[in-house]
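See the structures that follow.
Next come two complexes, and both contain chain A; in the first it sits with chain B, in the second with chain C.
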Partner chain A sequence: MHREAKLGLILLLTPFLLWLSLLIVIPHIDLLLVSLRERVGVGQYEISLGNYLTFFTEPLYIVTFLRTAVMSIFATILTLLIGFPVAYYIAKMAKGRTQSALFLLCLVPFWVSELVRTFGWMILLRETGIISNLLQSVGLAQGPVEMLYNDAAIMVGLVYTSMLFMVVPLITTLESLSDEVVEAGYDLGGSGFSVLREIIIPHAMPGIVSGSIVVFMLCLGNYLTPTMLGGKESLWFTELIYSQFIVRFNWELGAAFGFLLLILSSVIVWGMLRLTGQSLEKTMG
Partner chain B sequence: MTPDLQCTNLTKKFGETTAVDNVSFSVPAGSFFSILGPSGCGKTTIMRMIAGFLEPSSGDIQIKGNSVLNVPPNKRHVNMVFQHLALFPMMNIADNIGYGLRRAGMHKKDIGFKVDEALERIGLPGIGHRRVDELSGGQKQRVAIARCMVLEPDVLLLDEPLGALDLKLREHMKVELKTLQAAFDTTFVYITHDQSEALVMSDNIAVMNAGRFEQVGSAQDLYYRPDTAFVAGFVGDSNRWSGKVVKQDGENTLVQTTSGLTLRGATQGRSLSQGDTIDAFVRPEAIRIAHNAEDLASFDNQISGTVTSILFNGAASRVMVRDTEGHEEVAVNLPQSGEFANLTKGAPVHIGWASDQANCFSAGAS
Partner chain C sequence: MIPSIPQSRFVTTAYKAYVLLFFVFLALPLIVVAAFAFNDSQFPSLPWEGFTWNWFFGSERPMIGVFHERSILRAIGTSVFVAFCVSALSMVVGLSNAFLFNRYKFRGQSILYVFMLLPLVIPGIVLGISILVASSRLANGLWDGFQWDVEALRPGLWLVILGQFSFITTIATLVIGARLQKFDKTLEEAALNLGAGRLTAIRTVTLPYLAPAMIGAFVVAFLMSFENFNTTLMLVGSDAPLTIAMFDRLKEGSTPLLNAVSLLLMLGSSLLALVMIAFQKKN
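And now, the complex of A and B:
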């Protein structure tokens, strides 16, 4: 390789490598080291697996951990079920201006911060909120109805927050499906359901998988929505990490939790890819 | 015998525009029927109505004598080979061909048997496990046809399936399609804007323009006996001149073109009278070219002129001849016997044609 070309390559790669090493690799190594030490005295530390052991001996931690995982998976499935018809309509049925208008409508909520969006849901769902008042005025409820601070509220918030990240990859893959192929499916005797199952879904699989991975990660690592819509007892794993770092000032345990979350998400994503027979290269490329 | 496909007064309107205007035709069993027309003439609309993807505004479509107006596409015994073939990329070849059979609920073992038989028939045995993108254009074509044919449809619709192929392969597939049609003994309805595809393959051709059928007939009918000016201009190449009837005497017409050339033509039974504005069509191959005027004595149209350009294209080579008065440029096919091989630009030549080769149409008619 020529000297100039080599220099160019190095210069081009530098920002990326800096970003990767300074913001991702080094903090994670540090986090790993922190998670592997135990305080034995004031300012005295020794290497141990004690933090990880604490996690496995305390049922609350494990329950929260599993609950977070299951709820995230459920939120992902729900987002997919709601997002797929929306994406199909935008990609295949809407034409011209309607198409871009609908796409824009999906995008608009993301122009305000997540905090504001979540407050919006609180205004709707709280005891003195719009829905509660409406139910009372219609006569369907006698007193104020509290719809916040339960799992359903968390789920609503998670699905709402993640919708765009599911719809965008789905629209992209569905748009590349030619109308002819769908018509051929019908023409050769397929019913609506079989065309969906044998032609549309297999074609959209890369979009479904990449959308699901992104949504799942977002749900798993979400802190704001479970805290605000789920209240004190929402038991989301990120809240545990937060409280170890900020409230208890137990960075060692917090770091261990952080690492466990990383491992959990990696394992679930890997499992999902295996289950659907997709590879990361196929989905991202 | 009931025709396999019969369309009666078929009309399709999209809002204000009429895409298909009162079209009627019938296709006898086992024949190859083509609809030929320029893009946007409504031929695809007819096809989609027959397949069931569009609802006609009025009129009726009958397949084997039964109206299919309220039958959804997946219940019609009509299959379609799409313009871009629309093979399912997510399945292998065998699954592609077996798709319709699976949908029909056929037993798995029978499907395998039928798929193998179909692959044998299209001359591609043993490619069932291959992926769609591993096949060449011509192979995909045959697979797309086989995918429809395993279902034994009453009518097979083909929507310009050769459009995406390169020239050599297209020539080859023309012959092959005709052979496949004979082998499967199924009624084919083929739409195309390419006249040579239609002329080579079809038993009957409908020439379509602006939502209407201009003429339905055999390839020879359309070529030698066009009913309308549109057909005369669209099918094959022609010298086309606009002019006025100077004298009308029975079948024979004396015409003066707008540029001043006088020629004799024929009406072929159409009524024209003196003073009518007309279009006259003369095919380049109907014009004889000669070095001496005496060789053309038998023709009632004779023009002397010079060669303005030579368009060499192998067997289909042409010369452009401008008459001495400089009125018109006439395209003339070059005989391949070699006597004009040395013709050069500017050379004086004589051309002539029989008046019944000059088809005259009233200009108002179309």
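And now, the complex of A and C:
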């Protein structure tokens, strides 16, 4: 390597390594260390697995953890099922102007913050909200209907908030599927369903995987939607982290929760990549 | 199903209806938020009490409009400041990263690339607490060792900026890297042949080519920073950016003031997006 090139490499590596180590790697090592210590006196700490033990012995924590995981997976599947036909329509059915207009329309809700979107659902779903009033005026309901503060409301909010991150990668991969391949599938006697299963879905796989990973991550780490749309019973794991850190000031337990969340997300993302034979560089990069 | 394969009328109509329904689903919450910004009532809900501009321009209690509400205006200012710092930082580091991964081959590069992508698969709240833990340990260390009290390492704007910068840089790297990958290297070689130095070639040929992606990365970073909630929530001090300030108000109960702020946000980000699209069309 030339001396000049070597200098350039060092100049470019420096900001990258500073960013990576100071803001990503070292903070997570610190987080792990804090989660592995226990307070034994004022300002005195001991290394122990006590925080993780607390997690495994307290049913509320485990139940919340599992509930968050299961509901996030469910929300991801739901987003995929709802979004796929729309993505397919935009990528393969719509042409020219309509196509770009529809694509842009998909992006519009995501130019505003998640808070505004959640606020919109609160106005729609609450007891004095639009849907409740609509049902009453049509005669389907006698009194005000409360649709907020339950798991279904959380689900609506999660699916809504994540939709973009599913639809955009799907459109990108589906656009690269040429019409001739689909036609060939029909010519060879395939039915609509078998063409979908054997041609379209395999082709869309990278998009499905990257969309699902991002959506799953967003649901798992979401704080706003479960807090605003969920009720007292529907606790989300991020709410536990927040309350340990900010309300109880028990950083040790909070750090352990944070690490567990990180492990859960990594395991599921890794599993998803393994199952479909994709890699992180290919799906994200 | 593609247009060139005939399908029954019923199926295509049903399909179109589904797509239409999907867009209604997308638009509904936003329309509702926007509409109730003009409701002449204390609550953003039915019944409709008549049209008013008071939630924007009102200056007397109980209807103080956005433009007279100091705390909201200050929060907007804070958000703009944070977003500007974050976008500038991530654009610069993103540009450098893009060159690093596109132009060089070195040992451990593919591992480092995976590391670069990692912030995308770390939940925002975990990023937030990890930076909170690390910075307060550093602050305590500096205090114990040297009696230095570094305010910037305590929860507050600087930590919020660092926290957002930590993952938005990845996005900026991907946006700029995607365009750099399409760059025709012979153009740069031509500049070198014509006697330009390496840096001059990059400055006069490569960077102008990358400009749309850099502006795109800046705008995306700005929007992401402005909207960010999870990471910010864990690192915020007394100076709350807009999303946190609105969240605190929403918890206490909402007035159409929040709708008015939201409507302004929608207009602002649509404008930004339109500018970006227009700019990219020009190129």
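By our rule, the second predicted complex is superposed on the first by the 276 of 285 C-alpha atoms of A that agree within 3 Å, B and C clash if a C-alpha of one lies under 4 Å from a C-alpha of the other, contacts with A are read in each partner's own complex, and residues count from 1 in each chain.
Here, a contact is a pair of C-beta atoms (placed from the backbone, for glycine too) under 8 Å apart; a residue touches a chain by one contact, two chains touch by 3 or more.
Values in this document were obtained by computation on a predicted structure and should not be read as measured data.
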Based on the shared chain A superposition, would you classify chain B and chain C as clashing or fitting together? fit
Given the touch rule stated above, what does A:213 touch, chain B (first), chain C (second), both, or neither? second
May I ask you to decide whether A:224 touches chain B, chain C, both, or neither, giving the answer as first, second, both or neither? second
Just checking: does A:115 make contact with chain B only, chain C only, both, or neither of them? Give me first, second, both or neither. second
So in the superposed three-chain picture, is A:233 touching just chain B, just chain C, both, or none of them (first/second/both/neither)? neither
Please work out whether A:186 is in contact with chain B alone, chain C alone, both, or neither, and reply first, second, both or neither. both
Tell me the angle subtended at the Cα centre of chain A by the Cα centres of chain B and chain C, rounded to the nearest 10 °. 90
On the A-aligned overlay, A:16 touches which partner chain: chain B = first, chain C = second, or both, or neither? second
Comparing chain B against chain C, which has contacts with more of the residues in chain A? C
Aligned on chain A, what is the least Cα gap between chain B and chain C? Give it in whole Å. 5
Shared chain A contacts, counted only where both chain B and chain C touch the same residue: 183, 186
Tell me, which parts of chain A touch chain B in their complex? 178, 180-181, 183-191, 194, 198-199, 202-203
Residue set of chain B touching chain A in the complex reads 51-53, 72-75, 78-80, 82-84, 86-91, 99-100, 103-104, 147-148, 151
Residue set of chain A touching chain C in the complex reads 4-5, 8-9, 12-13, 15-16, 19-20, 23-28, 30-31, 34, 82, 85-86, 88-89, 92-93, 95, 102, 105-109, 111-117, 119-124, 126, 128-130, 133, 160, 163, 179, 182-183, 186, 192, 213-214, 217, 220-224, 228, 238, 241-242, 245-246, 251, 254-255, 258-259, 261-262, 265-266, 269, 280-281, 284-285
Where on chain C is chain A touching in the complex? 1-5, 15, 18-19, 22-23, 25-30, 32-33, 36, 43-46, 92-93, 96-97, 99-100, 103-104, 106, 110, 112-127, 129-135, 137, 162, 165-166, 169, 174, 177, 198, 223, 226-227, 229-230, 233-234, 243, 246-247, 250, 254, 258-259, 262, 265-266, 269-270, 272-273
